[in-house]
Amino acid sequence: MNKEMIPLLLLIVPLAGAALVPLLNFFASRAVPLFSVFVGLVTAVIGFFLLGQIGAQAASFEWLPGVLKTGFQLDTLSVVPALIATWIGFLVLIYSLGYMKHEENLSRYYSLTLLFIASMIGMSLADNFLSLFFFWEVMGVCSYALIGFFYKDPKAASAGVKAFLTTRIGDIGLLAAILTIYAFTGTFSISQGLAEGSKIALPLLNFIAFGFILGAVGKSAQLPLHVWLPDAMEAPTTISALIHAATMVNAGVYLLARVYPLLSLVPSWLVVIQWIGALTALLGSLLAAFHNDLKRILAYSTISQLGYMVFAVGVGGVFASQFHLFSHAIFKALLFLCAGAVIHELKTRDIREMGGLQKFMPVTGTTFLIGALALMGLPVLNGFFSKDMILEEGLIAGSWGPLIVAALAALLTAYYSLRTTAVVFWGKRRTSAHVKEAPVVMTGPLTLLALGSLVSWVLVGPLTTSWIRTGLEAPHIDWLELLRETFSSTAFLITVCVIVLGFLIFYYRRNLGWLKGKIPAFFKAVSVGLGFDILYGWLSQQIYATSNLLSTFFEEKVMEGINRATGEGSVALSISSRKMQTGDLHWNLLYIVVALLIILGLILW
Amino acid sequence: MSASFLETTISLLVLGAVASYLGGVLFRHRERLISGVIAFLALLGSLISFSLLFRMTGASEKVLLFGVLSWQIDLLGWIVAEVSLVLGTVVALYSIVYMEEDTGTSKFFPLLLLMVLSVIGLAFAYDLFNLYLFFELLSITSFALVAFRKDKWEPVEAGIKFMVMSVTGSAFILLGISLVYAQFGNLDLNYLFTASGGASIWLPITLFLIGFGIKAAMFPLHTWLPDAHPEAPSGISAMLSGIIIQTGLFTMLRIMLSLGASLPWGEILIWFALLTMTAGNIMALTQKQLKRMLAYSSIAQMGYILLGIGMGATYGVASGFTGGVFHIITHAFMKGLAFLCAGALIFRLSSGYLEDMRGAGWRMPVTALTFSVAALSLAGVPPFSGFMSKLLIYQSGIQSGTALGWAGSLVAIFNSVLSLGYYLPAIGVLYSKEKAEKVPAIKEVPWAMTVALVILCLLTIYLGVQPDPVRSWVAQAFSLLKGGF
Amino acid sequence: MMIYLTLGFLLFFALLAVFLRDTLLSVLSLATVSALLSIAFYQLNSPVAGAFELSVGAGLITVLAVLTISFLQKRKEKKQPGAALWLALSLALAALVFFLFQALWPQVLADIIPETSWGEVGEILWKVRLFDLLPQILVILAAVLGILALLRKEGESKER
Amino acid sequence: MNLWPFVFALFALGIFCLLTRRNLIKILIGLELLSKGATLALIWSGILRNSLSYTQSLAVIAIAIEVMVVAVFLALVYAFHEKSSSLDTDDMRRLKG
């Protein structure tokens, strides 16, 4: 087989799968899940071959000479997200065998999932902005359709619409940026556009950077467009794991990393990116710390981790951001899938109704703990190295403000990861439901992902080796060096301090009661229940009151307004403008006279 | 050499028209079949001989046909005429089956042949008055064909409306020609191109814009189109929407390029283009009849072509002209396909209302699939051909680097999104789960019709996946132009 | 300046053709317009066009129109309100166009009308404008086919 | 001497007739007036360019075409009358919107 065709094949196989699933549904609807898993497997295997192609020249296809040449860009930056999509997609597909067993409309589910995987591959491998944007949009549509998969549930349907519309704001920014680049460099090609970017005048460059940041902010659920992601948890948990944790939300970070050469020309925007990332990280972890809905905790945690990655791009650590993206995809997918297993058994998402599940679901519990430890960044798990690298980049860049915020977020992360694990899996049992371990098709992927969380950081060597081809700077290190450097850096100290502090807060959460005497009204409440329930209530009420107000306003007034204006408005406009077609011959002839006058006026102007 | 190919083409068409009529009249009980097959064969033959002409076309060259008819052939005209021949051949094949319940088919097919011939004439005639005569030929054949089902009320009504507007436009054109003659004393477009600099020709230009604008369905002049196109037999709808209105625009383009250098006709076209596409799309949104919806969509698509040509003329961006004419080509195939599919549905369902077509896609898979391709392509979804040509048009606006150019492109992009608002529901109706009353009893249309659909569908996909040879021909054709020729 | 008189009459009959309530009479007025136009052509030294206009315009078209009217037996037109306004508007429009035309297009006024003969016109028609012959024949062919199609007998075509 | 006013007057009358008269025969008269205006313009342009024979030959062809158009139009009118028993354009309002 021609090696150049590997990326093309990688794109075509899941696409063809997506197209064949509805057909197959006609003949043998029961074979659909297995067929999809098979397609996923083939994709993953081809993806494996892609690893050897990094840096290779891939087939490119001149679609419209001089206008649009599309092809594949194979460097580490683009291959890693594509591989995450194929492999995690494959695991999620296997997991779906068990998880989605009793749902209806399975062909739609599998078809959209495969289409999503294909578009994620297409997005990250695209070597021109136009196809990037096209796949970006397809991803948005898939996400919208999958969030609203349980469309009979009005909450799910409205969450889908919300996600679609919110991310659309970002897309407009992205499109504007792409078109502006095109207008001034005359090319859609990413590498050429970036290379010629420095020729663009600064004000326009500012505009372009703003457009890209807006696009990334929308897709990666950053402040202030993060509102859609928690709501998107109405999707099946598999989809949350695949789209809203491991792949699609990374697209924004990927985009920022991809256009980093342009962004670095306008340093003021880099500062903005740092602050956006740091604040998002803090907000996400804060909300995650006080929430009781398991999936929403994970969603907020995703938002917070994405904030880290954006922060990393802002301080110039493009490699660190991508490394964290890679680690995060693994452990967050793991956490989501564990959560899915729990929710599947208990039929509830409220963590206060869980507890003591470790005994009944040992595999799920253990793997969840590994995921949580990786999330908080405990040494020798993959999250530790990548997060550490990000903090180190922040130290090097010397941007203290955002860095402190990010460290604070890390502290909260340590706290809430432990809290969630403890509340769900340890302690007393608070449910009477009959609980048993998930089937092997579900625990299998969990084990694999947990293994990944433990050891995936070893891959840092090959990653940095090929990174050089992206044209971005990065240290050239293998895993031994990574170990040594990490454990001897200042950032390591920060990480450790932060984690220990987080541990301490968690461990002594009951002993914090002495504060009660000092601020009785506040901490009387803290002693109740798990200790932080009331704090949660108060804080979340405060935060939610504002954010809810904002989001309600946004959703019901602005979005609804836009929806109305475009939907009903255009229909009303259509009906009224159709009156122009009177059907009367004389009116038609009058239009001729009117046009005559208009053209005379225009010509003689 | 090139003259002999053209002579073959023309004589095949003319003799084919006569033979088709005589054959139909002589074998009365097999009227449709004899007449249709003769017409199809004549079209096929002329298509082949006309395609052979391609190798010989480059920069414009005068040829004398049959020792009398003087034409000037160039690549641009060849492209337009070739499109009309391809579409005409497919339509003839389709109509052999489609017209099975109609009388008078021995007149239908000759008129179709003459219509195709008139497009060839308009593509190559270089003398204004000669152009006018071919334009009249185009008009008269289309009146007769629109009102062909004269046993029903609506086609006749549509025919009368079409005719009154069109004849008014022709009178304007004739007056414009007189004014041009009064000014220059010559009607040769090549001569006019060299002589027209600085002369005040605003009135003839205005009259030409109106006269050809009526045929090209520019916004306030479009009112005949939504009546005439849906009421014509579906094959003719495909011809009208696919190539005839574009020919009106193409003729206008030739004349403007030769005559209008001193006037801002390009900018006028841009303004009218924006109006045309927006009005067409908005009015299509709430249509209940499939063919009427497609007719409004033709108006919108004419807006795109006008926009591209306007951009090319105003700002001198090559991709504007290329995109405009490339959109003529892609639109001919995809809109022709859409109308033929609509015809196939009506053929089985005897109703043109979208409501009655619910779920028909499950019973007529080929028709519905090809219709979906056509509709997606019309909406400008990659990788179909409509996307390619629209992309060129957007590009021209952005390349111009002016506020109007940008605004034009943005409006065009917005319109493309707006148009999804009626194409997607139409596809959705065909594939709906619940079926309309008559749907369960129908089956796929006969093979001659599906072959026609599949040919156009493949062309639509091919031009999307591999737009290049054709697009570069168009670009080359424009680079060869000097004035209108 | 007999030509102005002829054309003045022509305009008068054109007005009649537009305003007469009886369609038969207005068709006859149109025939008069044609006849006057052919006289004007004659005065303008263009006898060939005059002859054609007289035979075809005044003769054939009138015959066709009268035949149609007598077939259809519908002679009275409904009264139109506000006609004066429309007339004023169209004339004002034409006057505007004409004024602009005069103002913006300085032209040579030819007071000497060239002499032409039948032979000369025929020669041009058959030599210089020979390439108009094919489209002309085709237009006639198309018109004949169209009329045949539109006036064909019987047959109910089904909804299509 | 200038005949353009007459040309424009004929056009104005023709358009006026098309805009206001609601009888199909009157519509025909309006179209005819437009054509006659155009023919007159052809002849007059020949006089202006001192090449009357040339424009006469054009006028002859234009008149022939005009007749064909009128014939087709009358056939359409006849077909319409067959369906509606009316020549009134007010009845021609089935197609709209």
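Miscellaneous remarks
Should a chain be cited, it is by its letter among A, B, C and D, assigned in written order, with residues numbered from 1 in that chain.
Note that a residue touches a chain if its C-beta (ideal position, glycine included) is under 8 Å from a C-beta of that chain, and two chains touch if they have at least 3 such contacts.
For clarity, every value in this text was computed on a predicted model and none was experimentally measured.
Interface comparison, C-D versus A-D: the higher count of C-beta contacts falls to C-D. Each chain gets one centre point, the mean of its Cα atoms, and the points for chain C and chain D are 6 Å apart.
Averaging Cα coordinates per chain places chain A and chain D 68 Å apart. Look at where the CA atoms of chain B average out and do the same for chain D: the two points lie 26 Å apart.
Chain geometry summary: the mean Cα position of chain A and that of chain C are 73 Å apart. Of all residues in chain B, those that touch two or more other chains are 129, 133, 136, 140, 143-144, 147, 150, 152, 160-161, 164, 168, 182, 202, 226-227.
Counting only residues that touch two or more partner chains, chain A has 578, 581, 583, 585, 589, 593, 600, 604.
Contacts with at least two other chains are made by residues 11, 15, 18-20, 22, 27, 39, 44, 46, 48, 51, 55, 58, 61, 65, 68-69, 72, 76-77, 79, 90, 92, 94-95 of chain D. In terms of which chains touch, the assembly is arranged so that all chains touch all other chains.
Per the touch definition, chain A reaches chain B in the complex via residues 62-65, 67-68, 134, 179, 182-183, 186, 570-571, 573-575, 577-578, 580-581, 583, 585, 587-589, 591-592, 594-596, 598-600, 602-604. Touching chain C in their complex are the following residues of chain D: 1-6, 8-13, 15-17, 19-23, 25-26, 28-30, 32-33, 36, 39-40, 43-44, 46-48, 50-61, 63-72, 74-79, 81, 86-88, 90. Contact residues of chain A toward chain D in the complex are 578-579, 581-586, 589-590, 593. Residue ranges of chain D in contact with chain B, taken from their complex: 7, 11, 14-15, 18, 24, 27, 31, 34-35, 37-39, 41-42, 44-46, 48-49, 51, 55, 58, 61-62, 65, 68-69, 72-73, 76-77, 79-80, 82-84, 92, 94-95. Chain C makes touch with chain D in their complex at residues 1, 3, 7, 10-11, 14-15, 17-18, 23, 26-27, 30, 33-34, 37, 40-41, 44-46, 48-49, 52-53, 56-57, 60-61, 64-65, 68-69, 71-72, 74, 77-78, 80, 82-83, 86-87, 89-91, 93-95, 97-98, 101-102, 107-111, 113-114, 116-117, 120-121, 123-125, 128-129, 132, 136, 139-140, 142-143, 146-147, 150-151.
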